[in-house]
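Think of it as A, B, C, D, E, F, G, H, I and J in the order they're written, each chain with its own count starting at 1.
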């Protein structure tokens, strides 16, 4: 966790070559005594198929309840872009991102929905959460429209 | 063209084994002096990939202006189902169906939109028509929603 | 054409037993010198299949440009309901209604879209118009959503 | 809290220069013994990025259960407009507005959804509520459509 | 259950002639200690009516919580295609697929929604689940749009 | 209840003259030990207003959990069509259909939503269920779009 | 409460001059032993702003569970129209209508959603219910689309 | 035409008792040499049925190309509200409003779409324009969603 | 016109205090011999009402065909933000922006749609174009959804 | 142009390192005498910003009328993926792809819509076509939904 000096905010930062090179900065939660939800919607995600090397695409929705830190959004963006040349299976990749974000910000709770583009006519969605959501939380569904083929 | 005795209307007919086995009955146009459009929407179409043998699916919209005959809809349904075990490329298959329907009913004009399910992340649509639509025709667009990936 | 004394306006009228029993009243066009469009949207239409006797349903959209008379809407409603026990093929029925309305109101122009509910997995739509629309007419498309199967 | 003489109702009031200058009038709840929800939908909200000074935009949905007072809607509008020249981070700003409204009207319960426009390809939504909603409350979700990128 | 050597991944496999011929490979769950949901959306499903032999079509949504294995998606695809020449009633078929998938992957929990295309004007949907979903699971509704006839 | 010999399956059956004449066949539940939901969506329903004799239309959604029998869908269709010449108030008719279906199939649980077309500018919806849904059931909302007037 | 002789059913009734002049007839619940929901959707509601005298508009959704009586819909319509020349604040008016309907029909439970058209760029919605809904009730959300400004 | 001193702008004006009492102010076109379109969308319109005295509602869309004057929007609003106690048939009323607006602003061109709420199950739309639109005009369709009954 | 050294690209630029202070950089058209359309969609626009000083909001869609220069998008953004403290009537403002953009980039053709948020219940849209679009241009409609009030 | 031996069909091909390395195979048009449209919808496109090196994303829709050759879809996919590490401005990139496809397949006509994800709150769309579409072509609009910010 890196909080004292955000690495990316207000600077020009390149895309990390690999996910493990990315630095996920956090900043202090301005309302640490409140239970509230922060949602990032990330339709710009791409990685590589570990078997064929062909690009995969996904639409991600990240929901979390900050404890003492917020995920800094520019660092988050760079972290997601670091998967650009990274091979990963859908299930492993999606849950792995969630775990990495939890390690970075140590939130009260986090969930991540990964809506992958169809392969072989069948898209895969992954819905992960770190446990039961905390009491007193307002937690709307993302409302992402389902895949429906054609017509 | 087979009009005197419709083959399928009011009977139990099996699926033709191949498209060339299908009989496309027609019936007399009840309003032969009018220029009007008939639209069939066919979301239940499947054929086989001629290279891999894997199933393909498409949503078809058929528009035509009858001259002296109407396409009989049960015969049309059976003809479309005859592609179930037939290998065909998208472009060739779609335009070929249009030509076959024209040969069967000899309409004033016909068009056919084939909206194929995505392969390799990219769906293919084919839009064919037999020529300029006749003057005085009301010809609404099908309004099929576009493919948009996820999100 | 019956205009002097509307048969139904402000009275309790029963459903005509057959389409030919229906009286299609018209009233004077209040703006006879203007070219404008009147649209009736009729999602409550049902008739019988002439072969099986089973009910058919359709959604109708009627557009017309009045000349000297307007179609009286209550009479129109009763006329459409008169198909309740009437057997008719989709193409013949739809174009036939258009012709009957034209005979009743003698409009400058008329068109009728009939969107029939699916049978055998394939719905049929009929788009009829009496000719090229008059110059200077504003004629929006009905915008009826297409049938798309499931999903 | 200012209730005796509403500051803005029926008058021409200018936009407060800063949020802390805004007066949030309240009026007496006409049904103080009932538990019901009031929702304000506010698509016209803008503030400034505290780092770059560039404008930010958000769509806000405010839900609250009045205790003895209602938020006066014209005062609410002026308060929201007071952020026009105010620098604020998304998370801090959204939760801060909620707290200010609670201080003004002392409601039984309040929640606030802030849907911020995308920056860096990733929009941020904040969902705050003051605690568990009261028993017997009808509390529909706002139903705001999600961001989905393009396509 | 076949996990040591996936039968289809990275190979060209033909469509199994019958469902009972299909091999449903599984692979190791990369996050076996997490409770998460995997959703497959399958708009390309077709079988035969056991009475008439005519094709039926369905849109399937499969949700499951892996225990120690994931369903391999290419094997799933081939299994679903094996119904292409198989006669089955909607209710029996849908629940039967769910049971087969459970036998293959032995998941913590599984549910399957089958949305069949209309026959006789009335589509049938089947909603099956293997029991109460596990605690701590994020389980969004599929959000499949309902059938609405025409108009 | 009539199960030994379905009256309509695979035969040409006429519309019963009155609801009380309809025979609601059932067939054996192929998965009698599972708790699952069957949904029929019926946009083709019409009856008569008992006061004016004018046609009424409704969109019905029927959800039930079979015990030992399934409702046979062709018999269901004929039963619904038997209301074509039947006078009935919305509330009485909707709940009455639900009761009749329960008597026919003796399901574990049933619910019926009746969405009636507007009269006097106000549509009426009726939502009936036979009791609390059984534990462990997946029960999605029908998702029927609300009436919204024009615009 | 007026049930013995409905005032409006089958008669031509004028709009009451004021809400307090309206007679809210009820009729006997045809299924008094069942717990079911009746929904009226009323997009045709208008009243006056008590401060400026300018017209206000609202879309109302009324849900109730009848005890021994049903609200007669024509009387309901006339009651709502009686607000046409009546000045009322949004919150007071919406909850007041709910209370009046409860007094008229004495239902087991009632709720009313009032979706008011925007003023000052901010629409107000009011969600009232008379208490916790009864056990065993099927109670779908109205699904009214939210206001979203432009774009 | 009244342009020198707008009657309503910046003042509190009451609703005119009758359409003929309304003053339709205009202001100078700030870009008199350009051909552009101004659209007013007016979902808050109500009048009375001239036969029954019952309220009617409509959604109006007004498009015009100013010549030397713009319609002042507050005056327009008051004019539309003046129909609140006015009896009018749909066709006559809609075209009459268009003519009145043309007399007030003397535009290059004007059109008016009136989308009336359903009566007897059938809504009526009126589409009027003053002639062919001028060359070089950008004239998008209003895109009002069609009435579709229920389901 | 300023092309040699873009003022804003790759730099931190403040919001111009007034529209007339904004510098609208252009860059060389990379395909000067092609006729193509560039569309900017700008949902983040706000100005002030020149009469009341209250904020106004609009959603803008800018379409143009470059001649030898492209509008630089960062400069465009800053120009639009310069209206933040600027008073302007809808019609004058929208057409004025179009003229300013034309002066800056001297395009072959330009059009601008301004969709303003509702005031007094009536939103105003302005559709301006600089003349007939050039031959051979692909010019899709923006497809902005219309305002529809509530419900 | 490479047609004799398609490079990619039925083989495992890696992503070309640069666009200029990609081979765009074509195959013979199976209906060379017909004028028809082929549409590829490509929501999986990403390139790099030439100034910041940050990823850009776009949704592409390609329409063309084959002359004697079809674009082979797997080669198209690989060509589009070759932009993954390529820096390009939106306008130049979009039109450049169109030109490259034309050089590869020498079609009768081609158009390309590029819908880029928002940067700085403003997405850019590019609409290019190679000239007037040929007579007798059916050319539906792509119907891509517009960007609308939030709410």
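By definition in this document, a contact is a pair of C-beta atoms (placed from the backbone, for glycine too) under 8 Å apart; a residue touches a chain by one contact, two chains touch by 3 or more.
Chain-to-protein mapping (UniProt): A, B, C, D, E, F, G, H, I, J = NADPH-dependent 7-cyano-7-deazaguanine reductase.
These figures come from a predicted structure and were not determined experimentally.
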Identify the chains adjacent to both chain G and chain H in the sense defined at the top.
F, I
Please report the smallest number of touch steps linking chain I to chain J.
1
Report, in degrees rounded to the nearest 5, the angle of the rotation taking chain H onto chain I when the C-alpha atoms are fitted.
70
B-E versus A-D: which interface comes out with more C-beta contact pairs?
A-D
Chain pair repeating G-H, as identified from I-J, B-E or H-I when over half of the contact pairs by residue number coincide
B-E
Whole-Å distance, chain D centre to chain F centre, using C-alpha means?
45
Centre-to-centre distance between chain H and chain E (centres being mean Cα positions), rounded to whole Å:
54
Whole-Å distance, chain A centre to chain I centre, using C-alpha means?
34
Shared-interface residues of chain J (touching two or more other chains) are 43-44, 57, 59, 117-119, 121, 123, 141-151
Overall pattern in which the protein chains touch one another (line/ring/star/complete/other)
other
Every pair of chains that touch: which are they?
A-B, A-C, A-D, A-E, A-J, B-C, B-D, B-E, B-J, C-E, C-F, C-H, D-G, D-I, D-J, E-F, E-H, F-G, F-H, F-I, G-H, G-I, G-J, H-I, I-J
Chain A to chain J touching residues, read off their complex
12, 14-15, 43-44, 46, 52-55, 57, 81, 84, 117
As the complex stands, chain I meets chain J at residues 9-10, 29-31, 34, 36-44, 59, 61, 66, 70, 73-74, 76-77, 135-145
Complex contacts: residues of chain F adjacent to chain G
51, 89, 91-92, 95-96, 111, 113, 118-129, 131-132, 141-150
Spell out the part of chain I that touches chain F in their complex, as residue ranges.
146, 148-149, 151
Could you list, by residue number, the parts of chain B that touch chain A in their complex?
43, 57-59, 115-119, 121, 123, 144-145, 147, 149-151
